[in-house]
Amino acid sequence: MKTVVSVKLIKRRARIKAVIIGSLCILLILAAVLSDFLMPHDPNATSALLIRKPPSAMYPFGTDSFGRCVFSRVLAGAKTTIFATTFLVAVTFAIGTILGIISGYYGGITDSVIMRTTELFLAFPQMVVAIAVAGILGGGLSAALIALGVTAWTGYAKLARSHTLSIRNENYIAAARLAGLSGWQIILRHILPNILFPLITNALTQIGTTMIGISGLSFLGLGVIPPQAEWGSMISESRAYIQLAPWSVLYPAAATVLTIMLFNYLGDAVMELGAAERRS
Amino acid sequence: MASFDQNAEKNLQLSHARPDYVLEVKDLSLSYGDEDIVKHVNLQIQPGEVLCIAGESGCGKSTLLKAIHGMDAVNVTGGCVCFEGKNLKGLNKRELRSLMGTGIGLIPQNPQGSFNPLRTFEVQMKETMASHGLPFDPDEMVQLMESMGLPQGKKLLKSRPFELSGGMNQRVAIVFSLLLKPSVLLCDEITSALDVMSGQNVIDEIESYASHSNAAIIMVTHHLGIADRIADTVAVMNHGEIVEYGSKDQVLHDPADSYTRMLLEKIPRIRREAAS
Amino acid sequence: MSLIPLLLALSFFSFLLLDMAPGDPAEKKLAAQGIAVSREVIEAERIRMGLDRPFLLRYLSWLISALHGDLGISYKDSLPVAAKLVTGLKMTCRLAGFSLLLALMISVPVSILCAVRQGSVFDHIARIFSFAGNSIPNFLISILLMYLLCIRFKLFPVIAGDSLTGLFLPVISLAIPMAGRFIRQFRAEMISQLEMDYVTGIRARGVKEMAVLFSNVFRNCLGHMITVIGLSLGTLMGGSVVIETIFRWSGIGKLVMDSITARDYPTVQGFVLLMGTLYLLIGLVTDLIFVFLDPRVELKV
């Protein structure tokens, strides 16, 4: 016989899960913000005497082939990765959401122009475009962010548009229009707050994907330029010496995987929470 | 006619185990989660008998039907359902599966939902028959569809559920159920999606099936007029309990229970409104 | 949106790529070929490349030659770009085809079993695998596989090149994340189909469970699965660039990375045009298959 778990319990579980994962993510972001104070060594200081030393008390993750402290570089890389990701997700989220809301709210020609453009960018394979654009622009973190951002806003635009369409004809929007509020006032006061939750949920699920994209480009040498620390490029630099100094690859690799997993899990948890809240 | 003999054979086997009843519901209680939907229900049906379970929506009649059909979506909290003397609970998955359709058939409330929307009726019927090891005769199916007011049966066989209206799907669902020649046929509000004329056709067809094949029919309805037309026995359900159960004449013309009287009072009123 | 405007937009974008590159194209071409550059040489090259003509005119003449299969000449070795791309594409198709096959061979049975035994131990393990596959970048999977199988246990040569053994590790590296994504999506679709009314209806008629699962539920999932597969081929194209670079598989991905390093922009441009066109065609084909599998959806070409 099937046991039926009450909605209340499902909700509580979802909330607890979201809070735990959320705090872990905040902890990680804090570590990235405070990385300058947490680093035992200068992440860029090279030393000919300390090449490829195994982990020790002084160098908890060992040193790489330039004698740099892997632990400090992993921390510095956290800053690069997390800041770049947050920045990219925030910018593409803002652009996509604004375009989507305008498209859904005003309709007509504005809508067709914006949606055709969105479909256009959606029709291209994201990573292929990113690699080509980053490659042509000649690498560097900003080039990588542009390359990934070119296609990343489309998802938000489509989602924002469909949510806007679903509430556009509600009574309170009509009332606001009758009260003489301008289009922008209605969008900011009435539409945006009502559709924000699903959009933010979607943005959270994109964090992991974006990190994979950034580290992938950096790994190819199309993202962060060495010696700046970034996990993808650290792995790329050290992989030739994986036999001699596995720690210099495995620690940044572990950091990458754990961070992406954590943020992906956060996306899932928030999505679950949203589904549980809707059930009541 | 071969299949009718098959049913007669079934009934013969039955006479050894249980001379009278093809289906018995003994003190059955059902629940969804913490909520009791059906409480201590007892019913007995003989071959060829038409039993109508009447009651308003939400009284638990559809849930009761699901349990009789052996579906595991409901929690059985007490009692049992016996088909041909065998407790359904004691059957394994395979036995239960082969019983469904041919032993106990069900015409569901939502006809469109009972078919795979993407496959043709012919393919689906063939698959159903094959699952029971029965031969599939398209002509028989076309014939039955035409007698049910579905013209162009050959074309219908090649069409998919989403291409037809709810009423047409309902009738095809009835055809599916009848072709499996069940010994007990459960009907859940089967006329609700149909207009009056097709409703009549369908009821006639089911009645003639019952009398030809000596099958028992359990019909759940909120429409006491249908009960008056075809039922042998009537059970009235209210809040998960059977408040009155007996022969049609006794229940519909000399009710003992106040709730039954109240339900009955609604029929002439509707007729008067319709006439005026 | 229909195919023709999308293809035009794609070609325009690809053409624009060359102009996006910092610096003067003629100078870049000469620099890529290692020719010492003086003002006069660059000017002559500019005219030879037609750079003195207006942008739209250059685009049109490029587009017309592209339609004839002429994607220009590589800066690096003066070979036709189209021929280089086709050679690479063949190798990449071999890699991608095997990866897709492996990913499907893992994900289809696993997701069916997960959906049928929802909440079981198997389901949980498969979901963890799928989640991990989704979260690990493919370059990490390949490095870890290389470390474990080639260096630690010495089961494979570190650099096997284009041989059949060389295919093994890159195929696994590409297939694991893809299988993870497939399991997640197929499982969800199977479960949502299993919860539909028609399943109850078919079971109520006593149809055998195998027929319920395969001829009905799985069959109805196919349209959705084809769409997911089509979309994932775009990811696969990006992934193959990384994987081919790591394993030195001389497919189109490694070609484009080598071209980026050598500043051989026409090849990069041709790569984008070719991959974009392929992706659009794949999208069209999956749409057609979807409509065939689910005639309720009307085709909008």
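The first chain written gets the first letter, and so on, giving A, B and C; residue counts start at 1 in each chain.
Convention: a contact is a pair of C-beta atoms (placed from the backbone, for glycine too) under 8 Å apart; a residue touches a chain by one contact, two chains touch by 3 or more.
All of these numbers come straight from a predicted model, not from anything done at the bench.
*Asks:* With chain centres set to the mean of the C-alpha atoms, which chain is at the far end from chain C?
*Replies:* Looking at centroid distances, B is the chain farthest away.
*Asks:* Hey, which pair has more contacts between C-betas, B-C or A-C?
*Replies:* Taking the two pairs in turn, the one with more contacts turns out to be A-C.
*Asks:* How big is the gap, in whole Å, between where the Cα atoms of chain A centre and where those of chain B centre?
*Replies:* Taking the mean C-alpha position of each chain, the two centres sit 56 Å apart.
*Asks:* Please work out the Cα centroid separation of chain B and chain C, and write it as a whole number of Å.
*Replies:* 53
*Asks:* Counting in whole Å, what is the centre-to-centre distance of chain A and chain C, each centre being its mean C-alpha position?
*Replies:* Chain A and chain C have C-alpha centres separated by 22 Å.
*Asks:* Among the residues of chain A, pick out those that touch two or more other chains and give their numbers.
*Replies:* none
*Asks:* Could you pull out the residues of chain B that touch at least 2 other chains?
*Replies:* Residues 73 of chain B each touch two or more of the other chains.
*Asks:* Where in chain C do residues touch two or more other chains at once?
*Replies:* none
*Asks:* Please output the residues of chain C touching chain B within their complex, sorted ascending.
*Replies:* The touching residues are 196-198, 200-209, 211, 215-216, 219-220, 293-296.
*Asks:* Show which residues of chain C lie in contact with chain A when the two form their complex.
*Replies:* Answer in residue numbers: 1, 6, 9-10, 13, 17-18, 20-22, 131-132, 134-140, 143-144, 146-147, 151, 233-235, 237-239, 241-242, 245, 256-257, 259-261, 265, 268-269, 271-272, 275-276, 279-280, 283.
*Asks:* Across the complex, what residues on chain A touch chain C?
*Replies:* 116, 119-120, 123-133, 135-138, 208, 212, 215-216, 219-222, 232, 235-236, 239, 242-243, 246, 249, 253, 256-257, 260-261, 264-265, 268
*Asks:* If we count contacts the way the header does, which residues on chain B are in touch with chain C in the complex?
*Replies:* Listed in rising order, the residues are 69, 71, 73, 93, 97-102, 105-106, 108, 110, 113-119, 124, 127-128, 130-132, 160, 162, 173, 176-177, 180.
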